[in-house]
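Chains here go by letter, A, B and C, matching the order in which they are written, and residues are numbered from 1 within each.
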Amino acid sequence: MLLIAFYIAIAAEAMTAALAAGRRNMDWFGVCLIACVTALGGGTLRDILLDHYPLVWVENPYLLLLVCGAALLTIPLARLVDRLKWPFLLLDALGLVVFTVIGCNIGMEAGVHPIIVIVAGMVTGTAGGILRDVLCNDIPLIFRGELYATVSMITGTIYFLGLTAGLPDNLMILASVIIGFTLRFLALVFNWEMPKFVYDREMRK
Amino acid sequence: MLLIAFYIAIAAEAMTAALAAGRRNMDWFGVCLIACVTALGGGTLRDILLDHYPLVWVENPYLLLLVCGAALLTIPLARLVDRLKWPFLLLDALGLVVFTVIGCNIGMEAGVHPIIVIVAGMVTGTAGGILRDVLCNDIPLIFRGELYATVSMITGTIYFLGLTAGLPDNLMILASVIIGFTLRFLALVFNWEMPKFVYDREMRK
Amino acid sequence: MLLIAFYIAIAAEAMTAALAAGRRNMDWFGVCLIACVTALGGGTLRDILLDHYPLVWVENPYLLLLVCGAALLTIPLARLVDRLKWPFLLLDALGLVVFTVIGCNIGMEAGVHPIIVIVAGMVTGTAGGILRDVLCNDIPLIFRGELYATVSMITGTIYFLGLTAGLPDNLMILASVIIGFTLRFLALVFNWEMPKFVYDREMRK
């Protein structure tokens, strides 16, 4: 079930990334690249940081075809995808929490410190979007809008604490995904944001 | 022969990268950094993704001297290099196909799936330019101009299929380099481009 | 002693990075991310390039807490930190040379070529600031201001040559840190800069 949610989330991330590429008038290769980086970049960065090889998409290259297929399919369907703003925000929220749980899982398998388990979940959930914004030449968006990385951190913490307390894996996956998803949904509805640090003076010469 | 083409291509990439750094008024260290990232970044990223260590330039650090030397030499010669636009576009095309073939080779040695072999070639051929554009704060150019990543994909596919069909390595290197180079040349002459995905609406709030 | 200087430098890098994030109105998570990337990104990139695992902060995750704590502490203290421009420039200079020496050390342990030892020091000392500028969507600053990467290169070279000549490690740490720090200080006071390569023509079509 987590696997099905994973594939759906990958495809949804690819489609929203394709729209971001389209807004910058990229060609079809650019669309595929941005989609791959967004959908698979978080897990790739996590695996590089944890020295966890082979990478997911190197072991299972059909993921690349899924991502590129979903991205290219977005081109003729752009207006439709546009109208489906809320479904895609929800799929993106699903991706965020599913990626986070998978990332925490891999961190725990690697036997790292609890803090790093949570970080592995957050990197998996959020780094794809950051890399997309870097390639599209934006200041990463996720640190200025509704709760996003926070949702990832809370989801990962609940999942990790539950497993550490000896609760069954399936229950904790379900619980942390539902809680994280709900939290992100509420954040979108009520515009919950992290406090911002607004600072105007130039310090460096 | 591939090795000679490799060194020539490395130097040519370093020189065009130096001009890009010069357009942003970087100092000599910036020129060297941008040159190293452009000329060696593709192979470095490929090796990190495939867990293929030591990196080429860590094993053979004289490559760094070659790159920095070519980049610094570009400074007094900028006007000359400027006038030599076509020779450099051709050297860049040579680099693209040579890097691609080398990348596919390393992918095949690593025993990865055919799709990943092609991807390894494409990363080697194109990622240096993408990293250069990210460091220079541009939206990566290669996804908006004449066929570039496509040439890399076709070159890699021909090379891989030929080897898989049992044809001799030297023949396939020659054939794929010539075909890829010709294709890139024709794309430059006739302005062949990938279709673009132009999309104007904002989807996110 | 090097370790104490290391922690102080990490915290100082985190605080100046937090100000950079504040200038872009990032939220608290963005502040922590930029601080982590700036303070720990250089060492992380070095370790990835040298295949030197586990990463420093994966092995010692309390570093992440130190960095995030220093970054968040900067928020209420921003005006004070602003007024302390010189102390922070000096702490940044300390960080530059300390990170460089540590990076050279790890390079020598890994048994790489002398050129790569110096490069490992430079990556450790300077890459964090470059990554920060990429995430903040700036052209990296360090290649346009007072001597910075040069200081790192000289510091690393002195340290490496001293050790190779058989001088005791502690003496060479002290000597290279003092010389490097003084050099950076003088560069700031007298505005010593590398020559710039200013080039205006567009070469590519």
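By definition in this document, a residue touches a chain if its C-beta (ideal position, glycine included) is under 8 Å from a C-beta of that chain, and two chains touch if they have at least 3 such contacts.
Values in this document were obtained by computation on a predicted structure and should not be read as measured data.
With rounding to the nearest 5, the Cα superposition of subunit B on subunit C corresponds to a rotation angle of 120 degrees. Although subunit A and subunit B carry the same sequence, what matters here is overlap: shared residue numbers make up under half of all numbers found at their interface. Remark: subunit A and subunit B have CA centroids separated by 29 Å (rounded to whole angstrom).
In subunit B, the residues that touch at least two other chains are 48, 134, 137. Of all residues in subunit A, those touching subunit B in their complex are 16, 18-19, 21-31, 33, 44, 48, 53-55, 58, 61-62, 64-65, 75, 78-79, 81-82, 85, 88, 134-137, 141, 145. The touching residues of subunit C, when paired with subunit B in their complex, are 48-51, 112-113, 115-116, 119, 130, 134, 137-140, 142-144, 149-150, 193-205.
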